[in-house]
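Okay, so chain A shows up in both of these, paired with chain B first and chain C after.
This part shows the complex of A and B:
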């Protein structure tokens, strides 16, 4: 009895662990509230918005088409290869099977980088074609691996029997051998299809501007938080796969049934036939129709006058792009990145010629230092007058002569606290070391932010490279560790909204949003000073359409456009004219969004410190984390 | 039985280091049921595959109906093969299996329909059109494989150990079935087997092979009763094969005792091998036969008793319907015409026959 109970319990546990995440995601896709922390009631609005979100839908179609075409091509090549390998002598067969297995064992990142290097070496334009080639390449071994065992099983005499009955070798293969290996070919196809569908690493390295698959698209949203539309899409995909699986598994059951009743005439089951001959082809056709429609629409607008933009994910109102295209006749090829560190190698390798990119302060400094940026011709950007003087001053920290960059978004790092839990006025970083708030403090899980806060608290520069100062900061962080509830990045936002912690270190851009969701939250920049960050538009040296890039920057500096983007991104804009246009008084005068910079003397941007200092920071941070 | 339909001329075939056929010559006449018989690795299957077109000989020609077909691909040859493991197309119905060859030849629907009916009737499986192969028993599958081959009206049917996977009873039934088929169809059968009983039962002609060489060609009776060498004698049925000396014509000295026999022309005092079938030995009372001995083993086999008799330092295998308990003193008697004299192998090629496989 107990044994049986334990068996069932074990099984139940496995199922819970397997399916709990998916169920969570499905539930969240019906959550009215945008944040994970709160249940705002049942809604279908994310599903509606999903189908209206052109970016997600286009990424979705791209994914489907790439996966399908890549899987089909890989199936063709892989099956042919498997047949050839099967026909070889034992020694060669072992050798070739070994060789085909290597790409599968290889780390994906190695495969991705080497493919990228290969494409660069052959001067291929990164885009749909390169992703497709990459996907076909990594799919082939999976097809070979699932076809080869089927071929091994097939009775060699069956092929000979067909020849013997007058079939040509080709006829014999397609009429007799192929139907036998179809299950292997199909599972190879499905395997390849799914591998393609969720590949991120290889796609990331081989994609170019203007194209995104679902995985790369979702990843670019990491900085601003994944949208509930993605939950909705994932739910739809999960349910679709589930239904397909049930349909496919339903038919063999019938087959078993007839097999046991040997006396009865036995024909392939009807369900399977309908599935194979109707449902699947129709689905594929519909897919292609949509895809074709979508692509023809895309290619219609392809003309030579364009600007290639590389921006953070979710960092620009898509409508702005359309407006720019309509007003100027210049096509925008738009690509998104997720972190400065991912952006840098793409620019330094020169694999793709971007016209306008949007790095952060310290990264701009690094790019200037490495001579990767072009001087901007400000004659083409008359709207620069709309950018506040303060921000141009702050920019001098990384662009001393204001020659290379135009500020786009900015913000500060400060303390977000819950007024119901913290009764005292918060003015200093010292509250992060206050025993009273043990287990109620959230710290940023990032080297520079954690050390920046501590260094500022100690009265040092947050770009300090002085080992004594850094060691002091490390010791202070270790001292703080028992008080900290968690080191997190995104979750500061959600946890604070959900009243799960009293104090958190957060970026001002997020603070605006959290305050809208939970009015009990208050944001403050401590008096010791803090980090100010600025993301600015710059033009890489290898830009092919520099003038269009400048037109684009100028367009973004127009007050009405800057306002649109501010409303979309909700991060502070340095555009003073745009700020004046904000209708909501509370927002326009918000101390969080627009603190009076002249009040704070100790605001610093992060500086690029060089690899040596980077390493020192990294080591000290590890000591904190592992303490 | 008339003219030569198939003629293998000086065929040689080597796989890597192993020579399977070496200067192999054989002809098959029209309407003949010819069996290639031998242990595995003797080259019989290779011979059949060369005729089927699945293997190309390294040297030599294959002549079919007066034409050289050595380089003709299998699908262009006017013959059909029944494979050892049936090789039915598992994803097709029985009817589709049988129609396969006819459809490729673009025969009319009606013709194909009639042929399927006819073929299924011929192999006693009417009404099986819509079954799938894996719902049939082994024997039924084999008959479908035969039906699938014969609807194409081949001049020759090649059968590669077709009964190898069947159980004993089914195998015997199928043997009669095959004989009947051959008579009804009136075509040439080339049959490959390692089972001597099958060969003896069905064949017009048996070709005994070993290590790529033909050991003996003859009717079943000739092969059984007058094996030309020790290999054939040993392979076909059970035998007592004893080294002996041909004293003179019609007299052979076996284990130091003179036996009258019917063979002539071996010369005087020449070493020979003699073959005596176990059922040809009569056991008499001590002193009444040629050599006295004692029964050492006794096994009941159903049709007869199998005994071993120790006489003159040789263990004689004896089959008899009479039973002699172990320890019984007996005397061995063999009629002169039951003693088969064989030449001792002289050349190296012939030596091959003595190597036990």
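This part shows the complex of A and C:
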């Protein structure tokens, strides 16, 4: 008895561990608050908004279509191969099974990388096709490995008997062998489908612009905080599959069995069984798939008129895109990046032709230097008049003649702290090295920001290239590492809202949002000075729709649109007219959003320092991170 | 017979094009420099202190996670295999079902569960128990690995165990073996193929992951997977990235060869 109990207990424990995160995600899908750090009450609104969120829905259907087509193709190729391999001599069979095992044994990352290099070497356009090829490749082995054991169990003689009785080989196969291996083929297909659906790493390396599967979409959002609609979507998917499984496995078979004694019960029960086990599940699947094809057709019927935009994650109100499309009839292909360093190689390799991108100051400088940007025709951007003169002046630091860039957002880097945990007044970066706050400090996970802060604290320029100064900064960062709770980019926001840490290094734009969610938080620009940055729209030289790009930029400079964006992303806008439209006085005059710059003397903008210095920074940062 | 062999044609074509040639491309990149000349510099990148450390930690963490998975999975597979239900597929599905929630989301959810003010600590606090502080430490990474890869250990072992003929066990008992002896001398040796295949399926992804360390390690722990991912996606140094990938591949092949030495029988596939 005790043993039975222990077994049950053990099963229950494992079950809880397996399903705890899933329950968590489901609960989050009903969370009123946008951040996962806070429970804001029960709501169903994310389910409603999900279906209006074009980006998520198209990622979802791309995922479904890729998984389905990849699994189907893999099932076809794999089953054929399994049948052939079965009939081979031992030597060949070992060879084929060896080949089959390569993708199974090989690291996903190596496989993703190798396919990426192949596609680039053969100049294949990264996109839907390349993802599909990659998925088929890793799916085939699953099919072969599911079908092969079933084939082994089939009786050769039955097949031969069928041939003797006059069946053609094809007939014999479909009438005799195939029915026996159907379960293997089906489970191979299902497995391949599931693996495709869940894959991230390989898709990450083989995808191109303008296409996202759910996984890659989620990965870009991880740093910004996942949109609650994604939780809602996952919950729907999970529940659908669960219902399907229950229907298939728990058909009313057993219960009906007792009833079969009654005369008439037998027939209806069979109908019911077929209905439950086959018809309903198949209908649900078909609905989903057709929805997918329909949806993707709708969204893929591209006008020739489009604009390809590459922006920071969560850096634009999605409604603005819809408004732009409606007003101009130009389709927006929208992609997001996480850091300037990820953006640069994509632009410099020229593999993908973006029309409008939004890098930061020093990266724009680098791009101008390397002749990657096109001069903007300001005749097409009359709304430039709404951008404050000061900001255009500020831009001259990286774009000396104001020829290439249109300011979009700006801000400072500072310390966000929780007043309930930090009692002393915060004025200096030194608090980031205070032992008192061990494990309560969140540091920026990007080279320039981490070093910028440290160099400023040491009293140097944050554009230092002096090796001694940099080494000093590195040593200080290594010294700080034991005190740091985590190196993060935008998760600072969620963590500070959820009272996870006392102090975080953060961009001023995020500070405004966090304060709205958690009034205990306070933002300061330390007295040693800090970084003042501008993110601006620029047009790459290889843009294919330059004029549309300019229209897009012009649209964003319209005061009402700039205001809409400001309210969504809470990063300071350089659009003076938009600022006037802000209704809330407290926000319009906020010291965080619009600090009086004359008060701060030692704010610096990042400069591009050349490849050599970049490498030095990179190496020193790696030493910090791996210490 | 000939026509039957033709059926393998598409597969052969596909494997050569998209499995074997890409691997050769990696080898090419690994042995050349930017200018296209032959070099060993990329491979020797693995010996820099940072990369060696990353490889060391990766090996350690993946070894521990594999061990933990094995310890958790074996009893689980035994219990499941003794359940005389004719619903193998259902049991299998219980483990595959979580995969329908995206892998990144599932791992992210552990952040919410493990954080200082997270769900688990709120429950522990309510019960006046000491808080669990493992988020952003190697322990959280191990937990993430075990959580994500446990099904890949359970399923192959389960599949081997249900195939063991009960008569063999009965015979052992009749011949006077106690339960422990039966297990050690009969059940376990017969299940080795499943164990081996489970070890492979956990160890390899654990060794090479970069996502789990990203999400649960707080960016404080670099695994070899992170280093490779960064060299492709951030520093765009494909030659070094390829060099490191090749080294990693050699590591995997070597460890699998070692494991396979003990694998005599067939079977023991996961699905």
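The working rule: the second predicted complex is superposed on the first by the 447 of 627 C-alpha atoms of A that agree within 3 Å, B and C clash if a C-alpha of one lies under 4 Å from a C-alpha of the other, contacts with A are read in each partner's own complex, and residues count from 1 in each chain.
Here is the rule we go by: a contact is a pair of C-beta atoms (placed from the backbone, for glycine too) under 8 Å apart; a residue touches a chain by one contact, two chains touch by 3 or more.
Every value quoted in this text rests on a predicted model; they were computed, and no experiment measured them.
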| item | value |
| --- | --- |
| Touched partner set for A:116, first chain B, second chain C, both or neither | second |
| Touched partner set for A:36, first chain B, second chain C, both or neither | second |
| Partner chain(s) touched by A:322 [first = chain B, second = chain C, both, neither] | neither |
| In the superposition, chain B vs chain C on chain A residues touched | C |
| Partner chain(s) touched by A:180 [first = chain B, second = chain C, both, neither] | first |
| First (chain B), second (chain C), both or neither touched by A:162 | first |
| Touching partner for A:107 - first (chain B), second (chain C), both, neither | second |
| Touching both chain B and chain C, residues of chain A | 169 |
| Residue ranges of chain C in contact with chain A within the complex | 1, 3-8, 10-12, 14-15, 18-23, 25-26, 29, 49-51, 53-54, 72, 75-76, 79-80, 87, 89-90, 93-110, 112-113, 115-117, 119, 133, 136, 147, 150, 200-201, 204-205, 207-208, 210-211, 215, 218-220, 222, 225, 228-229, 232-236, 238, 241-242, 245, 248-249, 252-253, 256, 267, 269-271 |
| In the complex with chain B, residue positions of chain A that touch it | 155, 157-158, 160-169, 171-172, 175-176, 179-180, 259, 262, 265-268 |
| Contacting residues of chain B [partner chain A, same complex] | 52-54, 73-75, 80-81, 83-85, 87-91, 93, 100-101, 104-105, 130-132, 134-135, 145, 148-149, 152 |
| Interface residues, chain A side, partner chain C - complex | 7, 10-11, 14-15, 17-22, 24-25, 28, 36, 77-78, 80-81, 83-85, 87-88, 96, 99-100, 102-111, 113-118, 121, 133-134, 136-137, 140, 142, 144-146, 149, 169, 187, 191, 194-195, 197-198, 200-201, 205, 214-215, 218-219, 222, 226, 230-231, 234, 237-238, 241-242, 245, 249, 339, 341-342, 345, 349, 439, 445, 481, 484-488, 495, 498-500, 618, 622-623, 625-626 |
